[in-house]
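A single structure is presented below for examination.
For clarity, chains are labelled A, B, C and D in written order, and residue numbers in each chain start from 1.
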Amino acid sequence: MKTATKVEDAAALIPEGAVLHIGGFMGVGSPHRLIDGLVARGVGGFTIVANDTAMPGTGIGKLVTAGLVARAIVSHIGLNPETQAKMIAGEIDVELVPQGTLVERIRAAGVGLGGVLTATGVGTLVQEGKRVIEIDGKDYLLEKPIKADFALIAAKAADYKGNLEYSLTAHNFNPIMALAADTVIAEPQTILPVGAIPPDAVKTPGVLVDYLLERGH
Amino acid sequence: MKTATKVEDAAALIPEGAVLHIGGFMGVGSPHRLIDGLVARGVGGFTIVANDTAMPGTGIGKLVTAGLVARAIVSHIGLNPETQAKMIAGEIDVELVPQGTLVERIRAAGVGLGGVLTATGVGTLVQEGKRVIEIDGKDYLLEKPIKADFALIAAKAADYKGNLEYSLTAHNFNPIMALAADTVIAEPQTILPVGAIPPDAVKTPGVLVDYLLERGH
Amino acid sequence: MDAKEIIARRVALEVKTDMLVNLGIGLPSMVANYLPEDVDIFFQAENGVIGLGARPPEGMEDADLTDAGGGFVTAVPGAASIDSAMSFGLIRGGHLDMTVLGGLQVDERGYLANWMVPGKMVPGMGGAMDLVAGAKRVIVAMVHTAKGRPKIVPECTLPLTARRRVSLIVSELAVIEPTEAGLVLRELGPDASVAQVREATTADLIVEGDVPAMALA
Amino acid sequence: MDAKEIIARRVALEVKTDMLVNLGIGLPSMVANYLPEDVDIFFQAENGVIGLGARPPEGMEDADLTDAGGGFVTAVPGAASIDSAMSFGLIRGGHLDMTVLGGLQVDERGYLANWMVPGKMVPGMGGAMDLVAGAKRVIVAMVHTAKGRPKIVPECTLPLTARRRVSLIVSELAVIEPTEAGLVLRELGPDASVAQVREATTADLIVEGDVPAMALA
């Protein structure tokens, strides 16, 4: 059985310089209350692993604006001119990763694989500095797993055991990130009694979740 | 929209010598009507990719008894003495694969990865003949994808679009195999109108399913 | 009819019943407006839905249901929610029948550059590299020249999106098919002539006999 | 108390609240019968459930809910159904806190052989190789000798299950911890003496001071 954690207590768990998996796609399915908690706390120097940095004023964009991001491993920053400006100014180190490769690298860390062998990026700038493995006459990039210190994920609902379900396009990176961090903090929209999420509906088993954020108000 | 396929018509799609992914774990979550249809038809020489060959008289065990299996890529044959006897007699060629490696090799074929890098099997008989890739000082086996001509999968329910949901431990290999065959034949316990399986409950999108078996009687 | 409408109407004819189709943001997304009535397909949005629908009615927007551009959408009956690993598994695994993408350059090898202008625009590749590497058919939908500068060139000078020959280039002036032998001019846009297309194209074009006018949906 | 009950009662003390635990079939599965009342854990069955429960009431068995041995089980409140990729992702990814497995041999390196006797028993490794390679703690629960023949040996003569040092060996005679320095005798079984353990063990044993008697749940 989990106990509900206050936003400020959850934020306080995360030390300066931590590597963070953060769920969401352009802010959809991001843990918004946790992000606000991190901004309020003001400790930063984070490495952010996420699909994108959203827009200024939205989701991960707030962490960028607050200057809490030292490094970003993302597939897209096109809708956040602040990220682009900080990248050019050398304030944020940005590693761009193809979206499918990014999620698979996170999964590899979560499920104990040594890396990902993908044809995506072969013959492009993405190949630079990477090992190319030929398998049955075709080239694949060896892409390494990405593990985080913390995964900050958003869910539609949790039960008291931490089992999670997700909604529509708010799934995105969340169920995969829940596998791939030392500590997983889940921010559900609602928290239900045990049994209210039937076994077949659970997408993230509660055993993966370390902290459950209290319900929003 | 799919049309419902009769068991004998589905079985007739599958030619001699085909490579078949077949869902199920000791017969639980196997496509039993399809298997009966294959036994009734009597065409064989199949390569079976599955967790196990169940027991004589159950699930995939029926295909073994009927002499339709030329090759089996499985993690376990311990509960089927017929498979063991046929293996020793040279009638079935058996490749034993660790269960986690097997499912991941099927997934790799389904999601377009060049192979699987796993520490499972390193330093054991499973390593024989395989490439070992060192990544950050640790050894991993390079295990190759396994694609099939047909995937024969069982599901709890389908809708008219072929969207599938699964039940409890009858999930097992089914959702993964649905990704990794040229032709996917799904055997649902029940078929529901479109919309009766909400988007968040779908585990295999209907776009992956080529044939939907008619409801059982 | 402006250039973009011509392109969207021509690409719409490439979409056939039962396909799974991904439309890029911008011009490619206009294709959905011109599909023939009897075409029954699913659109995939790579952020996690199969069965993307139109804009929702005013006041019925759901914050958890957007397209890959972050805009509110609906889901059609029979839609499925998927996470990013499944979404890109479908793309990389060859389950996506067609993707329609914009282009900055395409060259005589049929290689596409559409994600980066060095020293200028670095939005990140998002899902583009996976889409071009993995989709069964890649349709490049783009206006023929950029401010008079040809975009169909002997060899891309911009960074490649993938080392893969795209399936078709559709502009307002021409339909061009990249082949083993080179770029074949298949159709002419409304009122366009072969001379006009050659004039706007620095790549070598193969012209076989009379080139028909493009049909438009 | 027979040997198996001693072993199961001793192993039960290794299980702590909040663990995710996988019990092998046979002797290891008996551990569930002796857990202290206040221990709140989930059992995983690798065929696809977290939250495995006891046998169901007569007449309430569900064909879609079995354990990895194929026997009918229940699911506890808060259980989650998972497919085989997730199940072995949890195992290989280090999310499984403990696995309890039977053994044929364990050697001075702490390496386990438990899946094959060449020329004799070839049931297949099932999930054993993934479990031993991936679980955080691997407990070998086995009777000390096989028909008088020592099973704790200088070096395994049977094929290894993994090249990984197991965490603990529990027999009816002793608790032995494999360490960097070798096999350390930690506890003695009811009425067993150091001399008796040495007699039944061909491997070198490290004995440090007085060896306490094992506690039993």
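List of remarks:
The rule is short, and it goes like this: contacts are C-beta pairs under 8 Å (C-beta built on N, C-alpha and C of every residue); 3 or more make two chains touch, one makes a residue touch a chain.
Quantities reported herein were computed from a predicted structural model and do not represent experimental measurements.
Judged by contacting C-beta pairs, the busier of the interfaces B-C and A-C is A-C. Measuring from the averaged C-alpha position of chain A to that of chain D gives a distance of 35 Å. The mean-CA centres of chain A and chain C are about 29 angstrom from one another, to the nearest whole unit. The geometric centre of chain C is 55 Å away from that of chain D, both derived from CA atoms. In chain B, the residues touching two or more other chains are 104, 107, 111-113, 118-119, 156, 166-168, 199-200. Residues of chain D found to touch two or more other chains are 49, 75, 81-82, 85, 88-89, 91-92, 134.
Taken together, the touching pairs give a contact graph of some other shape, not a line, ring, star or complete one. Working note: touching chain pairs come out as A-B, A-C, A-D, B-C, B-D. Across the complex, chain B meets chain C through its residues 1, 107, 109-113, 159-161, 163, 179-180, 194-195, 199-200, 202, 205-208. Residues of chain C that touch chain B in their complex: 20, 40, 42, 49-51, 75, 77-82, 85, 88-95, 134.
Across the complex, chain D meets chain B through its residues 45-49, 62-70, 75, 81-85, 87-89, 91-92, 116, 122-130, 133-134, 159-163. Taken in their complex, chain B has these residues touching chain D: 25-29, 51-52, 55, 74-79, 84, 87, 96, 98-101, 103-104, 107, 118-126, 156, 166-176, 203.
Against chain A, in their complex, chain B makes its touches with residues 104, 108, 111-119, 133, 135-136, 138, 140, 142, 144, 156, 165-168, 199-201.
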